[in-house]
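Just below is one structure, and these are the notes that go with it.
Chain naming follows the written order as A, B, C and D, and within any one chain the residues start at number 1.
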Amino acid sequence: MIEIIDKKDYRKITNEIHLEFAAVSDNESFARMAVSAFITPLNPTLEEVSDVKTAVSEAVTNAIIHGYENRGHVTDRIYMNCELKRDMLEVEIIDRGVGIEDIRRAMEPLFTTRPEMERSGMGFAFMEAFMDDLEVRSEPGQGTVVRMCKKIGMGPWIVGEE
Amino acid sequence: MIEIIDKKDYRKITNEIHLEFAAVSDNESFARMAVSAFITPLNPTLEEVSDVKTAVSEAVTNAIIHGYENRGHVTDRIYMNCELKRDMLEVEIIDRGVGIEDIRRAMEPLFTTRPEMERSGMGFAFMEAFMDDLEVRSEPGQGTVVRMCKKIGMGPWIVGEE
Amino acid sequence: MDEEFRIVDNYLMIRMPTEIDHHKSVNISARADRYILSKKVENVVFDFEHTTFMDSSGIGIIVGRYKKISCFGGKVYAVHTDSRIRRILLLAGVENIVEIME
Amino acid sequence: MDEEFRIVDNYLMIRMPTEIDHHKSVNISARADRYILSKKVENVVFDFEHTTFMDSSGIGIIVGRYKKISCFGGKVYAVHTDSRIRRILLLAGVENIVEIME
C-alpha cells in the first residue's frame, strides 16, 4: 500500500479516498452513496452521478457475488479507491476473491457464469457504457482489480442525448 | 492493521467499513454522507441520522483543522472506521496529526485553541451530547483517536423530546 | 403487506423500489414468482414510477420473469420509464421482450 | 450574485445554506463581514429555512457576527429554526446573545 502511494504525483491529485468494506450486499448501496458524495464538490450533472453510481454498483456487485461467491462473510473485503485529478475521476474496485480465468470472455456482453442467479451478463458492458475508460486485471485465486475513469462536470457544455 | 482485525470477534460484527481520506474540508460532508449511508439498513430515525452526522462532522473537522492544522494537504490522512454489532454503531476517527496535550481540558465545553478561526469549543460537547459514548485517546506528535458509540434504530419506541 | 404487488385481471403489477440493485432484486424476484406460480397471472407489469436508480440486476429481474411467463403466452411490460431507465433497457437489448412505455 | 445576502433597512438577512459545516462557514463569515464593514448594517438575521444540517461551525458564525456588531448595539436573530437547529443553539448556550424564532 505505502509503496503505491509514495509513487503517486500528489501535485496532480486534488482529493483521494480509500474504502474498505465487508463483501455483503448491504454495502452495494453504501459504495454508490460514497462515490456520489465524493464527486459532489465537482458539481456533476444528475446524468454523470447516475453513470458513476451504476458503474460502481456493477463492479461492487461482481466482487460480492462472483469474487466472493455470494457467501456474505463480513471478513471478505472489498477495497474501493477514488481519486480526483481536477475533473477526472478514477475509481478502483478490488477484491481478493476467486479471480477471472478468461477476462476477454468475461467482458463480452451477455456472458455470465451465474445464469441461475439471474445475472444478465451486462455488468462489464454497463461499466464500459457509463464510464470513459475501463481496465480489468485479474489472477485466478488472487482476485480482481477493476479500474474506471470518467471526466466529471462537463456541465452545461454537453447536452444529454435522449 | 491485520493484527487488530484478527483479534475481533466476527461472530458479533454484522458490517464493517474502513475509510481513509485526505484531510481537506470537502471531505467533511463526504464523511457525513458515508456514515449515514452505512447506518441506512438499520432504518434509523431522522433524529438518529442527524445525531451521528453531527458527531462525525465534529470529529472530522477537528482532525482537519486542529490535528492537521488546517493546511489542506491531500497526503494528510484521516481514517474512519465504522462497525455495526447488530444495532450498535461504533465509529472511530483517527488522525496522525499534532495530538492533544491535555485531553480533559480540550473536552471542556467552550475550550478552544483556535478562537481566531471562530471555533466555538463545542465540538467535543456535541459529540458527547449526540452519541451514547465518547472516548478520546491522543499522544502529542502522534495523533488522535476519537471513538464513539450509539445504539441505532430505537424507532417508534422512543418518542423524541422537543 | 404486499402493497408493491397487485393483481388486476390476469396482470401482476409490480411497483419497483427507489433503488434496484442486486441486494433488492433477490427479494423482488422471489415475491413475484410466488404470485406467478400461485395466482392466475399471465402478464407482468413493472412500474418504475418511483425508481431513481437501476443497475443490471434490474435486467435480470425482467428477463427472469419473462422466461417464466412467456412459454404460456404471457407478456412483460415496463411502465413509467424515465429516459435513464429506457437507456438501460435499450443498452441491455431487452426491447424485443419487454413492451416499454413512458 | 449574492442572493443569499440581502439588506433591508439596517438588517443584514443571511439565507443559510442546506448544510452548515466548517467547509461552508469560512465563506459565509467572510461574506457577511464584507457587508457588515462596508454597508450600514446594524443587525444580522440568520435564516435557517433551507438548513437541514448544522454542526458547531454554525455556532462560530453566529457568535463571530455577534461580536462584530454587539459593541455598536446591534442584535443577532435566528429565524425559521426547526427543532434540530434550536436544540443545537440551546446546547451551545447562545440563547442569551441570539433571538431565536421558529
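Heads up, the rule we're going with is that contacts are C-beta pairs under 8 Å (C-beta built on N, C-alpha and C of every residue); 3 or more make two chains touch, one makes a residue touch a chain.
Since the structure is predicted, the reported quantities are computational estimates derived from the model, not experimental observations.
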Residual chain groupings, excluding chain A and keeping positions: B, D | C
item	value
Separation of mean Cα positions, chain B and chain A [Å, integer]	26
Whole-Å separation of chain centres (CA-atom averages), chain A against chain D	41
Centroid distance [mean C-alpha coordinates] between chain D and chain B, Å	26
Chain B: positions in contact with at least two other chains	26, 29
For chain D, residues that touch 2 or more chains besides their own	none
Every chain pair meeting the contact rule	A-B, A-C, B-D
Partner chain C, residues of chain A touching it in the complex	25-26, 28-29, 32, 47, 50, 53-54, 57-58, 61, 64-65, 109, 117-120, 122-123, 125-126, 129, 162
Chain A residues touching chain B - in the complex, by the definition given at the top	10, 13-22, 24, 26-27, 29-30, 33-34, 36-38, 40-41, 74-75
Chain B-touching residues of chain D, taken from the complex the two chains share	19, 21-23, 25-26, 29, 53-57, 59-61, 63-64, 83-84, 88, 91-92
